[in-house]
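One chain, chain A, links the two complexes that follow: it is found with chain B in the first and with chain C in the second.
Right after this comes the complex of A and B.
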């Protein structure tokens, strides 16, 4: 006779670790980042100097924020290419409208964030209610946003108040503020996406909208909220970029649409399975910037860097697919 | 008995482009009882419960709950009104854990909008124990077997503590033992004062568990009767207008030379040293309790599982099967039991799905001979009575049973030497069952062979020329086709294979 054993299973720490290794889709990117850092430190002594490392981190913030934005959209099963357009528009708005008073800085920043959120909401509305392919509609809207930005600012110009620049790009206790802010955003987003009911619903919608619907989830609402978060975070990235550049630039967001996607996918998130997380995306963004930094030090032209980023996206997508197949085999 | 039933659906009509799926259907369910819904494939059963569950909006009709008219415009609304639905298709997210799936859409709330994961896990564990499945709440659903996934769906339906629980073919993926446990659970739920709506093609189950039976045909209610006043024959006649068959379906030609031979065939821990042979004109059944390796034998032959030892001979020639391609080339066609996910391209139409594996045969210099293709496919659609009989219908829109028929048609079109068939009639209605049996016989009468795995002993006894019983990865017993008795087969499945006990098996 087989006694019925209770279904309770105790997980030792080692078991949990192995489980994490197996399940977290971001594990490969963590390893790749570590290996890259190790190799770069060995071959280029200048690279491992603390100044340079901090510098690379600060450089990663804009893409890191854009990637976090994109992760919301991708985990919800869509893609949002307006991230670039929103960033451009945000830099233009900041450079044009911000005056050198705390009130103005605060108000304009808030309005820019609000504007990003509203644009995201509109994206989400069109995608979920009108039911059009997110890739196509956001590509179109993105073109329109660039057009608007160029209309107001045909060439880089304007001035972001100096105090705004120093406030945003300053340090506390040796830690650069942008890096700190990025960290907070990543942790908060991680909590929202991985621990809250909303986050679970969002990933369920991305994995299978029909299953989510039948489970009683309001699919349209969740999608709109996800895109709103994307728009808001994209605007935040734009605001930060304006402070860093000190001016507005309608082409500033140019590469961010694709790069944020690359960072997210390289970070292990997946269009249609509901897995992925923002820490992976952060690692992905960091990797892209680190490699750019290394290439610059080696004197490799940006043309090849673009080629390389394309290749990275292809590898990330293929790698994710291979990993998935490999796991299904077992 | 209460005056009016707790749930009433009145005059429900639902149209899809080109099809009237439901026409003025009246249906009711009392608390404390089990109401079965039966009908052929495409009769409208799933559509009716999708209307009840808020997945579809009816074109006409009203739903009353406890006497009040209600509008069920979203699955969430149905859940809040106390209606839980287990749909025919699995509705789980593979990358989520069991606990996450069970509570999807109504997660226990923690602080700051979070999910109270500890409570979800504890509750999930309790529910899984209740349905009697040994999985951990923290396991990923993608790691579970089909039967376990089905049990998780059942646990999920119980998690809401609903008044009305609807189960659309919950037993299709379960083996005999699991079915028995589920029926027991259903009885308990009814005793607790819930109303259960139960859909199944296995009439034995329907009669075992339900108090009332409603028969649907072509989107209309043919009859609603107390189960005690019905016989199986009557229900089959109501469903199909035909008689219920139990006789044997013999082949027309005596077994010829061996077409498929396995020698010491092994695959890792799944099964070892399997010797068997399928001869021309033969249907060989491979049976056993769940997990004894019988399904894996078919999967290994189809190239989906690695073969770790032994030999496969087709028509006397040794074959190497490392991938599905090799199996097809050797003349082996495999029809898996999880037909929807493994065998269909849901967004394509019926014609394309059926024609796909045999494209090569009908091509001429790189072009497909369309007319020939339509002719072949149309013949299969008619033979299997696929409803609606249109070649241009997207398979996504077919009823569950008709999707199965499309997959079967697709492999029949390949005219294989040996058809490897897992659960040939799972989820298929009584009428189509007979058609499928006839088709399997056609394969053997034309000199082919069939190797089938089935959990339905009735079907094994009616069809097989020889039955092999597997236990713990080995073939332990063989029965000739004219000596098939239910008791003996069951005893052998349970591992009691000494010949003396065969006679004793029918003593309770």
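Right after this comes the complex of A and C.
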């Protein structure tokens, strides 16, 4: 008798869920986000209003994109602090160069993305070829980028065309465009990092470049590609921010270098292990922003805000570490 | 004494003359805001969107706002303070949150004059009056701008320095945070004055972020490079304090170091005064948040308010410094504060 269905399904659905719980490094952040949302909905009635929830999602996009950018660098075993500088430069370039015609908006946006990619490629080149510590060199390059941005725009100014602002920050069928775009980027990045040969190579390089090299992986090329993705996505975050600010500001990216790292690490990624994923980072970025929103809704003193935020992030990071040890014991 | 009084008056006269073109050049004509569309019955929910709490000035700003709000229990039922932690993106989100909360009044000191403009316009379009002060947002659609003349501040300090040196000498300038409104306009105001004194040579200029350590380090370097330096122009509280300490530690001639006048600066100034040290300190008082709140409350009650209101600067001179210094308080205290003594002791008291 012929079996109706080939028996490829080794594990039951429950088993698979348990495996996911054990393996996905982002599980703690998902839980923390869910609990936070539940508590906030109960405690602050204004929080669960649809207007506010849409607000929070839009507010998360800039950091979400910057975090996705950073995830590529961190999974490749590096850190990229130029994310902030590239964002600043992108807002300055958009405000300076963009004219109020569709052609100009499209062309300038494309050039800014290209520029971000090229800067990322240069980072990747220096890190992998010259073999310098990524944290140090990107910190230095970031300072230089900030200087360049200030040179072109010593004082916040310029105008991003109004039509560009409305086009980028508009809605489609009730869904804000930036949120939709962020979703597409996260899904695409997830696919690249989790389902392609490049993704496997990237993680191998991040975990141990020496071993990856011996396994025949072109370490330098993989690193350069990862940093190119970081630069490109950072420029995208900058473009979005420029549309939200309606102008350019050389200091706009200032806090993003560190914040993008926080979102990535809170999202379950580990330094030099190749472990982590972009959905976790998205949750991490969302958590950082949603906490600010909840505190604003409840009117909690700013002193406690920083304390709470720090404590929750420590929980997210420690959660990953504790789970890892627990797994190793088993 | 008489001569110094004449000098002070001369400085003030020059300042008054200087401020005429500054006012005339202000973008957008001034007008009286139609407050009738904001008029509503109390009690109100009022909010302050703050930049960060990185220094004593910002802490004082928030405290002044809260203290002023507490003076009007009949008008105000709830007070919100948001903190952007220095991030533009966070401040945009903060103001969006306040709009969603439907507060009755928003006060804004902005992380960026242009980048915060769209969200401020959104608040005004939603019918919420917005009063911007300190770091003012640029948009003309904001309801009220409470502006202190930063060019006047820089010019006053420069004028003092030039007069003090008899129009001849080598000086250096230690400026604030590059890219910020007040740093740029103070330095522009100062440069206009220096340009009128051909005998004054600016042998160095550095951006020291108004920070104590950077100000001190830069002053040390400049003093080493130019042992015959005649004066230091700074437009910062902590940076001026650091620069003055560098001059003291070097020993020798006590050259004038201007500043904005935090308590630490004033303490050192009064100690050095008997040795012939002379200077001037000018700043925008942190009570600008309280003034902004009073303007906002006027709007909500339907009373007339000008679109551009002026925040007067606070002058600390050779004559009044002894009354203003507070040896019993810590260095970050601002003499111009209007906070009650109890709050002052809580924040700056030495326990």
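The working rule: the second predicted complex is superposed on the first by the 299 of 330 C-alpha atoms of A that agree within 3 Å, B and C clash if a C-alpha of one lies under 4 Å from a C-alpha of the other, contacts with A are read in each partner's own complex, and residues count from 1 in each chain.
Basically, a contact is a pair of C-beta atoms (placed from the backbone, for glycine too) under 8 Å apart; a residue touches a chain by one contact, two chains touch by 3 or more.
Just so it is clear, the model here is predicted, and its values are computed rather than measured.
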Combined model on chain A where chain B meets chain C, clash or fit: fit
Which of chain B and chain C A:156 touches, first, second, both or neither: second
Chain A residues touched - chain C or chain B, whichever exceeds: C
Which of chain B and chain C A:296 touches, first, second, both or neither: second
First (chain B), second (chain C), both or neither touched by A:41: neither
Which superposed partner A:104 touches (first chain B, second chain C, both, neither): neither
First (chain B), second (chain C), both or neither touched by A:211: first
Inter-chain angle, chain B to chain C through the CA centre of chain A, in degrees rounded to a multiple of 10: 130
Partner chain(s) touched by A:247 [first = chain B, second = chain C, both, neither]: second
Minimum distance between Cα atoms of chain B and chain C in the superposition (Å): 35
Residue numbers on chain C that touch chain A, as the complex places them: 50, 53, 62, 78-83, 85-90, 92-94, 96-98, 100-101, 111-118, 178-179, 181, 184
Residue ranges of chain B touching chain A (in the complex, touch as defined): 53, 55, 74-76, 78-79, 85, 87, 91-96, 100, 104-107, 109, 112-115, 125, 128-129, 134-136, 138, 140, 142
For the chain A and chain B complex, residues of the former touching the latter: 5-9, 11, 23, 191-192, 195-198, 200-201, 203-204, 207-208, 210-218, 273-275, 327-328
Touch list for chain A against partner chain C, complex: 46, 49, 51-52, 55, 59, 62-63, 91, 150, 153-158, 165, 241, 244-252, 254-256, 259, 289, 292-293, 296-297, 299, 301-303, 305-306
